[in-house]
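The two complexes that follow have subunit A in common; it is paired with subunit B in the first and with subunit C in the second.
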Partner chain A sequence: MTVEPGGRVRLATGVGTQGQGHFTAFAQIVAEVLGVDVADVHVITGDTREFHWGTGTFASRGAVVAGSACQAAALRVREKILELASHELEASKADLVLAGGSVHVRGDPGAGITLGALAVKANPLRGAVRPGTEPGLEATAYFGPDRGSTASGVHAMLVEVDPETAQVEIRRYVVVHDCGRVINPMIVDGQIHGGVAHGIGNAFYEQLVYDEDGQLLNASFMDYLLPTATDVPRVETAHRETPSPLNPMGAKGVGEAGAIPTGALFAQAVEDALGRTGLEICEIPLSPSRLFELIEEAR
Partner chain B sequence: MKPAPFDYFAPGTVDEALALLAEHGHEAKPLAGGQSLIPAMNFRLARPQVLVDLNQVAALSYIRANGSGLAIGAMTRQRAVERSDLVARAAPLLAEAMPSIAHPQIRNRGTVGGSLAHADPSAELPAVALALETRFRAKSVTGERWIPAGEFFKGMLETALEPGELLVEIAIPPLPARSGTAFLEMARRHGDYALVGVAAVVTLDASGRCQAARVALLSVGDGPVLASEAATVLAGQAPAAELARAAGERAASRDVDPPSDIHASAAYRRRLVAVLTRRALERAFERAEKGSGERGAVPSDRKPSS
Partner chain C sequence: MESRRQVGERVRRTEDARLLTGRALFVDDVRLDGMLHVAFLRSQHAHARLTGVDATAARARPGVVAVYTAADLGDYWRPGPLLVPPPPIAGLVFNACTQVPLAKEKLRHVGEPMAMVVAESRYLAEDALDDIVVEAEPLPAVVDLEAALAKGAPRVHEHLPSNLAAHAVQRKGDYARAKQRAHTVIKRRFRYDRGASAAIENRAVAAQWDPRAEELTVWDTTQAPIPIRNGLAQLLGLLESQVRVVAPFVGGGFGPKIMMYYPEEVLVPWAAMKLGRPVKWTEDRQENFFATTQERGQIHDAEITLDQSGKILGVRDVFLHDTGAYDPYGLTVPINSQCTLLGPYEIPNYESEFTAVFTNKTIVTPVRGAGRQHGVFVIERLLDFAAKELGIDRAEIRRRNLLRRDQFPFNNEILFQDSAPLTYDSGDYEPALDQALELIDYHRFVREEQPRLRTAGRHVGIGIV
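What follows is the complex of A and B.
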């Protein structure tokens, strides 16, 4: 992480991103520590020239691991800012406040200095590197948790099954989940909604079908069925916030909370809807055709 | 993927189109809405050397009253049929089936004639046309002829149209008094090809018994399948739940030999034929009993066009 002379904060991370909202969430984490506007934090991912350690986004590591590393880097940069500002403003660090992209002495917000101006003063060409200090308002930090922070939650689904055609319609879907500290509620909801959509796909639509020669029979999206907007119900979500003790932000992963329970839940809901048939469903993906076979077998 | 190379013509009149089709014979393919042909070309499942694009032929796009029946130009967009008050009054079965054809975006481009001439066994319009005893008007440079629905569909993606012949119009005859119709289908997702679909037409006699019944099924064979065995079960009988059930069971066991594919087994399709035929007949009988007009009852649960 670097504070640029223009005042913008530049953050590079090795975690990959595929639309999880990293640019927003990481910027929020940094903005909160440095007292800058979220829009002034520029996040870069997936560029080994900017940061060469990294891996993909999976196993709920975005907020927990990369987010904690971003926060750690921001805290180090904050310390450098305070060190330099304390010298420039001739005030003790304890009396300094970071807000609005500037540092000022508590009680005197008019007489501050912007982070951009401090970044210029931290440039070694201006003689700012005194013994025991480093140039620039920049830091690199890592975070490696001892253990994963497991999210928890409860899903409930109301399905309607036509016992004659084995067609299934999802009438209602409710998720109450706990991913620890919620960094951005809209992103969290989006992760849950997207996860549920994927889960419904796993449960009832998506399946790679091969013939006996190993030829894939449904290699286009006409035959490989992804659930679309008309197949996914409105997902009702509620948050519980129990901070994790395993990382400084109290975050837990949210990427898995939507998808993981859905398949088992769908199978159980269908089983329950078919009531006294004695049917026990132990598999996904289901389809009306497969469900018809299972119902026939249970007769 | 991209299609194999082809020559392209965009005639402005039917005569120009017919001349092009005559000149290029079996190498030419008419292009209507392109919702099946273009994907097939892009997958290189179809490689026509000449495309005769009919989209500039404005004279082929119309919906007209034809006595108390309907005449529909081959290039009429499916969405226009879906939204037509005339169609809703004169051919409620057709109106009821329209929303089941893919998605609105596709119906905005797709045409009535294009779908019928493509003759996909999973398509809705061929089954509806068969149930309604539609007649097909085919033109070529040498003249024109009318083909009854029962002779138009020849098999998987095959029709009675000869090279050089163009489907220009369909004529849907009016239904007798005390008629009722219903269309039902089941698909994996909204807008997907139906696993099974059924179009049912019933007519009651003065005593309220079933005088005539035409049930056409889709996605169960090489083309639309007329359930003639089911019709014999219905003939002369008073409408009842048990009768509709018996006709559905007969259709499933005697009228169809459905295929298995990755979406549905043959046994499952048979079950759907029995269930959907029964349900469609129940609905059609109910409408025939309620309907007072000679054109059959307008479906009460027809979805408003979105």
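What follows is the complex of A and C.
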């Protein structure tokens, strides 16, 4: 992480991005620590020229691992900012406030110095580096937790089933989830919604059908049924926060969460809707036609 | 005074303007002067002996720059790395068989690449696929998990004595003893079948070798650009600093785009260096169905034992896991299934045994959830059937078995896929259950709404897990 002379913060991380909202979430973490605008944190992901170490984005680890490293780097940069500003403003660090992209002495917001101006002063091209200091308002930080943190959640669903056609309509879908400290509730909602959509596909639509010769029979979206916008209900979410003790932010993963319990939930709700003794759903994925068969068998 | 609170706020996504207006870079957007395009000749057979790949006619087709078969790769032909070595479970059997860049003597699943055509356009490259003459003797395919383990079954990897890829048993407490005290025992067979990750963007790789700077740049739809950089540097004999891997915007990863060292990922950069021209391959949707990893084929025979009040005494589960034709990702998926079956519940006695099986199907690696779905499905269904049998409400039987807030950190004793004992750091489950019940209005629905709808001839049901 580097504060550039223009006052913007450049942040590079080893994780790649596949739509999770890293540019925003990581910027929020940094913006809070440095007192800058989210828009002024320029996030770079997935370019090995920009960052040398890391593994990647998977296993619901982006916020927990990269997010914690972003926070650690921001705290170090903050310390450098305070150190330099304390010298420039002739004030003790404890009296300094970082806000609005500047540092000022508490109670005197008019007489501050911008982070950009401090970055210029921290640049050794414009003056000798004082002994015992480093050039630049920058830091590199890493984070490795002892082990994974454990997120949790409860899914609930109301479905209506037409026993003649095996048509299933999801009337309500509720997710109460706990991924520890939430960085951005909107992004977390999006992760949950996407996960549930994946889960619904997995439960009732999507199945790769191989024949006895190992030939995949439905290798196109004409034949492989994906849930569409009309099949995925509005997902009502509630956030609970039980912070993880395994990272400084208390974060837990959320990327996979929405997709995991959906099959089990779907089976239970559909069984309950049909209310037939003898109907037990012990397989996933179902499909409209497979459910029809199961209903017939239980008749 | 602290800075303004940002963490926890519903800040609008700063990346969306670029994405929604089509200005974000995806791998297929990479267009470079002199760029060549690739098509792969893929196996039509699930299982066959490959006796010949003759590319003479393809090489002669105008516009074709090069055609590579396994024989043309020389020393560069080698099986991919074992990405995740299995944890040290006592008595574990694990047979590593990782994927190869181009099939040499054997075809092990439909879609496995046999030859790579590099041409001036993708059209020309695809046309040239028809010019390649393949000689293959079909073998019976290994598809069904139980049949795969039967004596005399055809073998996916003939150097192994059977199709067994792995076998592991993990225990906690003493299940057999717990069963002796049981009031209720419920046993069922559960099946979970395969699906695709179905990311909106398929895989793609583009590569450019700059001979002046002696630098290789690779644009890759990977979820793990740094491991891919390291692996390519090693394979190609370059310094890590000579290889730049860029994973720009990627249209969904969901697991199959992790650090796979897919054949295409390894061959496209190699060809770019060899030919001295930029090379690009973009997977089409049909290829994605065969050549991008999949998940979720398992069969569980599971048993739960409970006391009269619905408290779980123990669970025993024996399952088969379909790992597909190769197992580069180790045992992450079946171990996740094994561990996640324990769920948020206190299960004092647990015995779980799995056998991973090679089949003539696309490789299995984690897909969003990575095996957890199966474990959750098994335990939640067992609890549903137990609730019915014991006459206990579905939500109530769960409540009686949830871990309490004061039990964390909670050590489940068995080893997790990260090699450490499966330990839950923190949680508070019962209030979450109550909140979900309240939000969906569970009790009122069960008591009033459902009977009323039933009378009206409607089949509306509720679920809670």
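Please note the rule applied: the second predicted complex is superposed on the first by the 294 of 299 C-alpha atoms of A that agree within 3 Å, B and C clash if a C-alpha of one lies under 4 Å from a C-alpha of the other, contacts with A are read in each partner's own complex, and residues count from 1 in each chain.
Convention: a contact is a pair of C-beta atoms (placed from the backbone, for glycine too) under 8 Å apart; a residue touches a chain by one contact, two chains touch by 3 or more.
This is a predicted model, so every value here is computed, not measured.
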Kindly say whether there is room for both subunit B and subunit C on subunit A in the superposition, answering fit or clash.
fit
Applying the touch criterion given at the start, work out whether A:G7 contacts subunit B, subunit C, both or neither, answering first, second, both or neither.
neither
When the two structures are overlaid on chain A, which partner does A:D231 contact: first (subunit B), second (subunit C), both, or neither?
first
A:S287 in the overlay: touching subunit B, subunit C, both, or neither? Say first, second, both or neither.
first
Between subunit B and subunit C, whom does A:L34 touch in the aligned arrangement: first, second, both, or neither?
second
In the overlay, answer first, second, both or neither for which of subunit B and subunit C A:G112 touches.
neither
Subunit A: partner with more touched residues, subunit B or subunit C:
C
For A:S244 in the superposed arrangement: first (subunit B), second (subunit C), both or neither?
second
Could you tell me if A:A273 is touching subunit B, subunit C, both of them or neither one (first, second, both, neither)?
second
On the chain A superposition, what angle, as a multiple of 10 degrees, is formed at subunit A by the C-alpha centres of subunit B and subunit C?
60
One more residue to check, A:G101. First (subunit B), second (subunit C), both or neither?
neither
I want to verify one number: the closest Cα approach of subunit B to subunit C after the superposition, in Å.
8
Over in the complex, which subunit A residues touch subunit B? Could you list them?
164-167, 205, 209, 217-218, 223, 225, 227-228, 230-231, 287-289, 292-293, 296
For subunit C, which residues count as touching subunit A in their complex?
1, 3-15, 45-47, 109-110, 141-144, 188-196, 198-199, 222-227, 229, 240, 243-255, 257-259, 285-286, 289-290, 294, 296, 340, 344, 359-362, 366, 368-370, 372-373, 376-377, 380-381, 384-385, 394, 409, 416, 418, 420, 423-429, 431-433, 435-437, 439-440, 442, 445, 454, 458-465
In their shared complex, at which residues does subunit A touch subunit C?
14, 16-19, 21-24, 27-29, 31-35, 38-39, 45-49, 51-59, 97-99, 106, 146-150, 152-163, 171-172, 174-178, 180-187, 195, 198-199, 201-202, 206-208, 210-216, 219-221, 224, 226, 236, 238, 240, 242-246, 249, 255-256, 259-275, 280-285
The residues of subunit B that touch subunit A in their complex are 186, 188-192, 195, 262-265, 267-268, 271-272, 275-276
